[in-house]
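Supplied in structure tokens, the structure appears directly below.
The first chain written gets the first letter, and so on, giving A, B and C; residue counts start at 1 in each chain.
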């Protein structure tokens, strides 16, 4: 709890979490330097009778040091972050073998279209489910997303996934779940009065269970 | 350079010549000091209303299902049985942000101190355009009244966030809000005009009306900050006005700038808004940094450490502030390559902020620290702003932002820079210049009580927001308990709410101190803080026209503990024989 | 723009706004009957709406992610779009469109009621008069929002996060039909017929409807269904008489 991130269950979550903790350490060090420094000065340099402050207008060497160190640090952070960003959201970030899904978001529901038994989207065996996403474990999943009305945002905290869903555009997201189980999906962009209650569930199945689920959906669709 | 004569406007209204009516002197005044005080009174009222909106938000989050005290007075469309409805909650969130940004913090820093300080600190009798200045205030007032009117219309007030993203804000059907959203836009367009008039005045005044000897590098940092801020206002506010007009047209006359169903682009709104919005937040912080510099130098009895670096840092922050707007849009669906470029510029803006922080510390180092109330607030500014600035590094990293975007981590960052930063600076500045405004001092004991309560309650309220954000707690969520992963955070939400209630209550100490001291505060001399600025060389409060004769400026702004004099301060206009144009104080130009 | 300007001025004068937002009301019964109003006559028109052929299957509603509502259905929920029983069609909205004496007809003081129960609107189809209160209730312990999307009237989009909440709205101009939607539960639909006179009815599960209190005359009757279209009939009725008007719908 606290500053520690909650458990994660996707492949790139580790890279994101690493950056978070690295920044936490760096900013923590800066925090301590500044706050302890201020406290120290407040105690050490309080006015004393007969005292006189040191008349100085600055120190160029100090300026250079406290400009260069932050500059080098942030540039390094930027370079490290750029690599991860490219892997997660870059133009060529979606793995070639990703299973393609569709998402249609609207006030205040998510409709996930699964590719069905043939593994292809936009075929007759596609399965569209309200507020439920079913994916296989250890397999990349690629979701193309559309909005019916306003901007929503597809957020899966456990996978460190977030991507706005924008009307008039197709946005995309990909992830590979590393653990089976049920994980919550939330809407992360104010979308109206029901925004607070726009949740869904992603169920990560083992390979066999996933096939069984897909087959069961096909049967249920035939029965209707 | 400066015109030496006391300026006379065409109407010829000047102090000892005529006796002005009460209305001309205090209501429709063209005197920059009165206008500054008018902005102060108006803004404090909106600070209270914006804070009250926050209390209702926090009550819902801290004590879900419990009626807000007094909530039964609200109509059924807002809070049946005293419990706010989700749509009203969204309006409260929207109006809290809107009122605080546009009607409290911006006018408090730019309207109050821009107006009050600039002519006094540069040695001018008034602003370059006194009547334009009057218009600047008297356009802001109806803008504020119009904004409040939005609560009373059918469909309720704007509820799409202070960021008003389209198409939620463009198409009434999606939110149930029609007129309220239109009022929001019209009000801001009006307020924008007020700001633009003010900025024009400030820039012209600083460029043209500096007293002889007041070279650019003898300007106090408060004036540098206000000057650079005014340039930002002039360049940024018109973008908002334009975008607001486009959105208004989408709502009313059938255009589709931002409406995808008509071929429009929702992302266009975001680009336009944030192209304004990011410079806006630097408008909200730079004057705060400026006044804090003045006050820390005064409280440390030392020159500002690295004055020139401080000036360049102000300019760098303002300049870099133009090229970071996309960091609000990393997850928006815009081209990910833009994520890279905006990340670099955003990370870089940490550098001038770091420079300023270390220079403030350098000012305190080896000083003779006098912990008067303004100094307490100013040191708190540095200490709290740093936390806000450091939390910004997390969100500057685009991959980390994937997780923390639109969570309470962002809310924590916003409030550490805007409250921990700007508002503490405002308290410092109001207390510091109060004697010059009103001729009396605020009570120092109650000032310290207000300060320590605010400092503690502020951190109890906002520090835990980092942690709930790190757990994934989203923003603008009426009922987090709808999500299982957020249910364990209810206890923290309640703690935050308790902190917020204490924080809100503590501000009444400041308000009471402010009001009561106006009538019964200790009378102030011309220079109660032993400061160097030109405003402290004239009576408290100064007469109309400020200076009996035009001052001549001989020194840099922060010559505390100078070896040239016995006192530990050296007013900028004090003539020391043989000291004009010394190495440390470049000649006027 | 003129409307906006008027509102701006009104807003500046701090007008208290909101059309008819008092909650509660007398609470009318099921909307198959007409609002109580002083009848103009004693004649009536009755009929039965039938459905010819095999009724289309109504879609199954996936309520698996809304357990509090799913629990109210032992055999799973179905969206009653075309409700046919024994060849009789329910939820057809019937009203007189021509032949009535000129108005205005005063709106009744009682409210028409629509309830959200089991994540469905009850009734699905109802009529109100212009200016009459429509009382919307939530009987589910969860959030519903009620979004009215009229074309001639002013719409609204309001929430009821708790069970037991009621909200009252009204419509100023005639409009057939005003759709009601819930955005949280996309399958929820209701249709409100806003009529300037009280001579309308909705067919029950037995397909029957009655419009009473009419003066003698020659009337045009229109029956509307949400997917099966509209049909009209010409009916004559004498003073105190009873006329019959049957409609038959079929799949398109």
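By our rule, contacts are C-beta pairs under 8 Å (C-beta built on N, C-alpha and C of every residue); 3 or more make two chains touch, one makes a residue touch a chain.
Please read these numbers as outputs of a predicted model, since none were measured by experiment.
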Can you tell me which chain lies farthest from chain B, using the average of the Cα atoms as each chain's centre? C
Most centrally placed chain, judged by C-alpha centres: B
CA centre of chain A versus CA centre of chain B: separation in Å? 31
Report, in whole Å, the distance between the mean C-alpha point of chain B and the mean C-alpha point of chain C. 52
What's the distance between the Cα centroids of chain A and chain C, rounded to whole Å? 45
For chain B, what residues touch not just one other chain but two or more? 85-87, 174-176, 478-479
Sites on chain C at which at least two other chains make contact: 143, 157-159
Two or more other chains touching the same residue: where does that happen in chain A? 107, 192-194, 197
Residue positions on chain C within touch of chain A in the complex are 57, 59-60, 62, 64-65, 143, 145, 157-159, 183-186
Spell out the residues on chain A that touch chain B in their complex, using ranges where they run on. 1-6, 15-16, 19-20, 23-24, 26-27, 30-31, 34-35, 37-38, 41-42, 45-48, 51-59, 62-63, 66-67, 70-71, 74-75, 77-78, 81-82, 84-86, 88-91, 107, 149-151, 153, 155, 157, 160-169, 171, 184, 186-197, 199
Given the complex with chain C, which residues does chain A contribute to the contact? 106-109, 129-132, 192-194, 197, 200-201, 224
Along chain C, where are the residues that touch chain B in the complex? 1, 4, 7-8, 11-12, 14-19, 21-23, 143, 147, 149, 154-159, 161, 165, 167
Contacting residues of chain B [partner chain C, same complex]: 75-77, 80, 85-87, 142, 145-146, 149-150, 152-155, 172-176, 178-179, 182-183, 186, 252-253, 478-479
